[in-house]
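Notes follow once the structure below has been shown.
Should a chain be cited, it is by its letter among A, B, C, D, E, F and G, assigned in written order, with residues numbered from 1 in that chain.
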Amino acid sequence: MIDIILAVFCTIGALAILIAAIGILRMPDFYLRLSVTVKAATLGGGLFLLCAAFYFPEEVSVTTKALAILFFLVLTAPVAAHLIARTAYLIDTEQWKGTIQDDLVGMYDKENHTLHSEIPPQNLSGEMEPESGPDENKR
Amino acid sequence: MIDNTIVFPVIVHLFTAILLLFFWRKTLAHRIISITGSTIGIAIAINLFAKVWGGDILTMEAAGWKSPFGITFVADVFSSTMVLLTSFSGLAVSVFSAIGIARGRIIYGYFPMLHFLLMGLNGAFLTGDIFNLYVYFEVIIIASFVLITLGGRKAQIEGSVKYMAMNILASTFFLTGIGILYGITGSLNMADLSLKVAALENRTLVDLTAIFFIIGFGIKSAVFPLYFWLPSSYHTPPSAVAAVFAGLLTKVGIYALFRMFTLIFVPDEFTRTLLIVIAVLTILTGTFGAVIKNNIRRMFSYLIVCHIGFMVGGLGMYSEVALTGALFYLFHDIMVKTNIFLIAGLIRKLRGTMNMDKLGGLYAEYPLLSFVIAIVLFSLVGIPPLSGFWPKIYLFEAGLMDNQYVLIAAIIIGSFATLYVISMMWAKVFWKDQPTVEGEEALTDDFRPLSKFKKSLLVGPIVFLAAITLYIGLAAENVTQVAKHIAGEMKDTTPYIEAVLGTNETQ
Amino acid sequence: MLLAVLAGLIVSILYIPLGKYLRGRLAVLAALLPIGLFAYFASFIPTIQAGQHVHFHHPWVPSLGINLDFHLDGLSLLFSLLITGIGSLVFLYTASYLKGHRYLDKFYGYLCLFMASMLGVVLSDNVLLLFIFWELTSISSFFLIGFNNDDAASRKSSIIALCITMGGGFFLMVGLILMGHLSGNYSIQEMMSTNEYLKSHALYGLILLLVFIGAFTKSAQFPFHFWLPGAMRAPTPVSAYLHSATMVKAGIYLLARLQPVLGGTDYWMYPLIVVGGITMVYSAFHSIFRTDLKSILAYSTIAALGMLVFLIGIGTAESLLAASVFILVHALYKASLFLTAGVIDHETGTRDITQLSGLRKVLMPVSIAGILAALSSAGLPFTFGFIGKDLIYEATLHTAGILTAILTGLAVLTNILLLCAGFLAGIRPFTGKLPDRFHGIHLPHGLLWGAPLLLAVLGVVFGCAPFLVDGILFNPAAEAMYQSAIDSPLKIWHGFNLVLLLSGITLVVGTLLYVVRKPSAASLAAIERYNYLSPKHIIGQLARYARKISIYYTGTLHNGYLRVYLLRIIITTVLLFAIRLFMGGPIRLSIDHLSPISIYEVVVAAILIAAVYITVTASSRLTVVVATSVLGYCVCLLFVFYSAPDLAMTQFSIDTLTVVLFVLVLFRLPPFLNFANRRTRIRDGVVASAFGLMIALVAIQVLNQPIDTEVSQFYGDNAYTLAKGRNVVNVILVDFRGLDTMFEIVVLSIAAIGVVSLLKLRLKASEKE
Amino acid sequence: MVRHFLMNLLLAFTWVALTGVLYYSNFIFGFAIGFFLLWLMNRNEDDQRYFNRVPKIIGFILYFLYEMVKANIQVAYDVVTPKFFMKPGIVKYTMEAKTDFEINMLSTMIALTPGTLVIDVSDDRKTIYIHAMYMKSKEQFIEQIRERVERKLLEVIR
Amino acid sequence: MELVLIILIAVLYAGGVFLLLRRSMVKLLIGITLLGNGANLLIFLLGGITKGKPPVIDSAAKLFTDIYADPIPQALILTAIVISFGIQSFAIVLLKRVYVLVNSDDLDDLNTPEEEDI
Amino acid sequence: MTLDSYIDYVILPILAIALLLVFVRLFKGPTIVDRVIALDLLITIGISVITAYSISRGKSTFIDVAMILALIAFLSTIAFSYYIEKRGRK
Amino acid sequence: MKSAILKTASSYLLPILLLFSIFILLRGHYHPGGGFVGGLIAAIAFVLHSFTHGSEATLKLLHTHPSSFIPIGLGVAALSMFVPMLGGQPVMTSLWFNEPFPVIGLIGSALFFDLGVYLVVIGAVLTILFTIAQYSE
């Protein structure tokens, strides 16, 4: 019985990860790839860890560890995703042509990377300045 | 015999270095601790040598695990002699460094590095475990990286990049070789390996494995065509550092070559021929390089290469006579090479340069010092009856016995070149009047302003090593006995193996 | 006897602390040593005359068979007396000649060292001991030639002399070792008993070659002769002592000494005759073109040495006797002439014979010494030179067949030229008109003219009364060479015979030549036009080529490009590998007992390989770093698959840290530039692939080898029971092989400290080392 | 409230000690028994918060998991089918959350929901910039976050 | 599987060597990393690979009841990894110094002519 | 079919394929941030692979490795972000 | 790095990671882990902290420069290696307390050795990283 539940968990986890993998390969821009992967992978990994937690019930430490990892993953994955997304934006990574909205334009201070909640007055004039293109990070 | 004191040569430098780290940035304390540590090191080394010379091969099984299961330390005459010579070099260098090394370098860890280096060297000489040997080699190279870059001048950095790249490559070869050896035998204990490798049927595989060690240790000992790091780097660090390097670093490669190729890979026709070819080319390369260099240390660097060839040639001939000669040469070389680099450092202090064209007049100004230096230089040349002369007798005799005329010719050429460059150097640096150098390049004398005590800290080590060299030359009989004994140990490794593995029953 | 030999050594060391007291008036005391030694050796004359030998033994390096074995026989005695006798006079002469010189003590030190070494050479019974002293003579000569070390030419000459004599020494050393090796020991006396074996051995020719090179270089034989004229840069007493009377005769001594061991064969004879013959004619010819007094004497010395080699080469009883006499003859007149020349130089400030004349008017005793010595060198009757020359002609005439004419002709020719040279040096400066500028010259201190005069007078005394010395010196000496009794007393008058005729011809023609030929700068220049054919020039040219080759070789090999060095190392390895594989048996390939393949392992391996591909080809640094970390993480997965959790953990954490490090360091660096052209990349690719292939081949071979699991079994069995741990890897790390770990953390510590010093230490410009 | 939680833990541990079975299931069972006992014993107003909060947290987690699975399926469908239905964009969202902890929890929630991604929080901590994959309109999206995520979250943790 | 690993090791060694032969010091360092990984895997492989049997004794037992992977190569590699990390970090910092000195990581820029000797 | 072999023959291959796909992204880039997230995903998949492997072999020891991965992997993403951002600013 | 989210995260990740590191250190003799990995985790925890708060803040948190951990760690390890020699046993021999301690279990010189390793690793890694970070700024 327990084996079947575990098998189901594993299968869902594996599929989630597979979808994340396909997603990262297929999605048209960086933000979408990131968006797709973080959750799916965390979900998949979490399921596997849960399996492990159930699979070694007689070893308390293993269960603890599996849960701790799960907890840690849930805690860190969003942070990491946010950081890399932010960085990507800061280096002007291109967005998909189907993108319909960008509230971030002009919000970052190019000098010290401070992020404003309202468009700062000095940026108002330069708000529509053309993007410098994705090659900048190759400098 | 089992004796715990074998590890003392390692431990004394380890504790000295740790203690030095606790006194971080306190330069006076560093000088005192270092000299004290090195002095204790000599006492320990003498004690060890006396024990081994007087009796059996000593072993110590770390943590009490029997060979071949644990790491075994082995002190036979070869290793304890190397430890003894290392301790002499070590003391000389550490005293010299007290004044010879700039304050900034001492503040940033010069002395701890020196002692870590000495520790690694002693460990390498004493260990009977091949992977442990690798670890000591790594200690040695990382400490030498730090020493060679310490100060960070451009020339130093340039030299050290080459030094580092090639030494890391050497380590990779060594490590690969160990992996293969383990894969073949399942053992790491050198005595055990000796038995197991000898029992292998696939000799091709043994030889192929041996190539990794030849290349690995060959790079470390700076033989042709693997020597390039040496002339690229030895002229860059402070002379005291160059002195340890010159005296001991290439020699630890030689030590390892000798150990491996007498204990584990007993040379067959292929290996012997290979070693002799390498030796001849090494000597010639060193010769060609030395005769054209105008900077004292660059010239000395090539002389190191040249003379390494003598020892490798001795190993290649692999007769007892040849090994005796090579070992005698090794002992002589450690003392003399350390000293000549210290001398180069002293000259630099005196004149602010090591370019022979800009040097001169030392003989007129410092006659007594010149006399001491002359003894060292002549020992290097091998003017009889000084130390460099005796081993050549053995090498020539061995060469004649083995019909190695090309090698003999190479040794003659190498010796001749040494003679030539040293006499040139003598004429240029000591005899010639001090040329006047003008403008920005004006030479400085950092020696004269020093107090008498400080001067003696610079000159003392040179005299000390010169005295040992003189002893090696004049009491050649004693040194010969040692070398002969070791050569005997090398030709018949049974006592070594029994000392290591035979203790199983007694524990 | 040990003390006698080493006395000079000890005294020279004593000069270091005591030298400064000897610089002044006490300098004369220095001569006490040679005089004492002379007396000491003279005391052996009766013993030797009685046909006995004296032997001394003291162990030194017994395992090499090198002991302080000294052997005194006739030959040694002749040389010992020569060394100490002429030594005494030279020491005395020096006291005045270099009076007040600030390095006088050093000079005496070197001289003492030299004397001791020279005595060592002639007294050693052990060839290696002989060699040791032999080299010491070269060294002391080096210091003496370079004594005026502020003079560039002096320095150069001393280096040339040292290199030639010691270079030859290396060959000699091999030759002597070969002799010792073949005959089983290094004692000359013992070797004599095995000489037949030596002579019949296949390596006999090699021995001769090596010994000859040693002897010829030392005794300035053609084509190695050119160091000797250069050596005249030394102060005159040195020239007199080392470079004419004693040291250069060491080679002669060696040949004489080894004559009974190696001599008596054609291989021995002809090279000596040929080389000696060429040397004597060539340099005698050269001598008469020189205008510098010491130069003339140098070339005539070379000629005399050639003559000695020539005589030893002939090897008959007559020739050996002639040689032993001629050694003393030459030493007496040549030393005298040198010392005379020294006085002239000292007083007039020039040695150019075109400017010197009429000096008899101001330097009467000196002129007597010079003229007597010149006459002795000319072989005028009632001089010692006459007896010497007679014996030479006697010796050449006693050879067999066609040789007689050739050898005699050569000897006559040489003697004619030498006579002329002797007159040039010993007579010409004193005859004729005294130039005005020399009027102010006063007779110098008695020691300066006393020494040459004594030597010159001795030449006449022995010439008139040869019986004084023949039995006690020459016969024993010749016997030592010939190894059988020689008893032919020297005679002043042989009656009218061919020898006398030849002597007459020599005298007449030589004198005519002297009268007709005026030395001049022009003729010197004329002969110097042919310098490019001289051995000195040719050897110098060779040395320059050698230097060029060295520069090219070293520059090409050590060209500064790290990647080239690394390439060479890799190629060497691959080549060695290929050679060994080519020599050795087939590579065994068996795929039994391999573990099955599963898809996920293959995928990980494939990703790894692809990651390597990216690292190798990527052009952005960051991509490379990313690929490297992928690589590390995949390795980590492999470690997990193959049961190494500790390894996987460590690999992973270290890899991550490495990434952080790279990131911290790299962010300012510009992107890669693709420097290498296509060809280079292909070459490197081929080499790298070959290297990889090599590793693969070895790995396959090793996998076929069954592994011994004794040790790991032991660890598994005892990890918990004895070492109280369950994680065997950790138990190994902290217990079984804890020392590895101890020093591994040392490595880490060193690296950390190194990083600090590398980044923080900034040396001040004043901090040089 | 903390006092209750600690008491509850203590009871759970006591249960584990009594039964001597150190399994997680046993611990959870002990915790549940403890909760029930505490709930029985503490009926005054002040202490009610703890007993209300625990079921709420569990409920929120379940709700969040449900949302996550739902969104995941949507994304998964988009990923595996050839055509893209996305309307992505970056939206500025003014938060009601104030403290660091609240902001962090909120961003974690948003980030873990498939289709949304936190790009950054402004330096004055008033707004959060969210990248959304499926955005019919900006207002609707903001409303959705406000109602379905932020309100519920704040309810639980405040 | 061993054969796949051998190919992998060969590729690592070859890649490492290829990178050593470049002009860029960064590539040199990466090459060293590759070689180190290659050497580690080689030791690992030649010591014999075992799947899924880590050398950890079960908490119930005092001895291994089953076969287990050879722990020695693991311990050796662990030591080797740490050592190469130490050396590599030093090398990376040296790279930094090189960059500060010559403003590139091109090793050819670092070469100084011999005349600059003191 | 037992759970062990199910994981061995179904789950692990799926994960391996996922690894491959992610690696393709890593290979293709195009921007460095793409590579960084691909790397991050690789590690997450790695954690899953290790966990699955641990279950399939019945060795809980490997979970420790997964734990280390989870603890540390985060750091490299942060480091890359730090680096890329810092470089972008210069 | 200016990220509020990371800043908050790192302040609670630091104690968690440190706790893990000690956990890994103590159990090395029985399970994978030990001084080395433990030390790395601790170092990484501080590195993470320094990324957001700057290395100065992290140094302040550590109270002392990490380089001083190196001699202490080396000293601990070297002593636990050397002390058995005073009792006449070979270098590195493990000495054990007979009774297991609560929580930690058996305590022996091997644990002290591991502790030395742990300290050295923290000291070395942090020294390297902080030095570079400061130099780069």
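Throughout what follows, contacts are C-beta pairs under 8 Å (C-beta built on N, C-alpha and C of every residue); 3 or more make two chains touch, one makes a residue touch a chain.
The structure displayed is predicted, hence computed values, not measured ones.
The minimum number of touch steps linking subunit F to subunit G comes to 1.
Greatest centre-to-centre distance from subunit G is found for C, with centres as Cα means. Annotation: C-F is the more contact-rich of the chain pairs C-F and E-F, by number of C-beta pairs in contact. If each chain is reduced to the centroid of its CA atoms, subunit A and subunit E end up 31 Å from each other.
With centres defined as mean CA coordinates, subunit G is found 35 Å away from subunit D. Centre-to-centre spacing of subunit C and subunit G amounts to 62 Å, using the average Cα coordinate of each chain.
Contacts with at least two other chains are made by residues 1-3, 5-6, 9, 30-33, 36-37, 40-41, 44, 47, 67, 70, 74, 78, 91-92, 94, 124, 128, 131-132, 135-136 of subunit G. Annotation for subunit A: residues touching 2 or more other chains are 15, 22, 34, 42, 72, 75-79, 81-83, 86, 112-115, 139.
For subunit B, the set of residues that touch two or more other chains comprises 14, 21, 62-63, 131, 135, 138, 142, 145-146, 149, 152, 161, 165, 169, 176, 180, 183-184, 188, 348, 352.
By the touch criterion given at the top, residues 2-5, 8-9 of subunit G touch subunit D in their complex.
The part of subunit D that touches subunit A in the complex is made up of residues 22-25, 68, 71-72, 75-76, 79-80, 84, 86-92, 94, 107-108, 110-124, 126-127, 129, 131, 133, 135, 138.
Chain contact summary for the complex, subunit G toward subunit B: residues 67-68, 70-71, 74-75, 78, 82, 85, 88-94.
For subunit C in complex with subunit F, the touching residues are 598-600, 603-604, 606-607, 610-611, 614, 620, 622-623, 626-627, 629-630, 633, 636-637, 640-641, 645, 648-649, 652-653, 656, 659-660, 663-664, 666-668. Listing the residues of subunit C that touch subunit B in their complex gives 16, 59-64, 66, 106, 128, 131-132, 135-136, 139, 142, 146, 149-150, 152, 155-156, 158-159, 162-163, 166-167, 170-171, 173-174, 177-178, 180-181, 203, 546-547, 549-551, 553-554, 557-558, 560, 562, 565-566, 568-569, 572-573, 576-577, 580-581, 583-585, 588, 695, 697-699, 701-703, 705, 707-712, 714-715, 735-740, 743-744, 746-747, 749-751, 753-754, 756-758, 760-764, 767-769.
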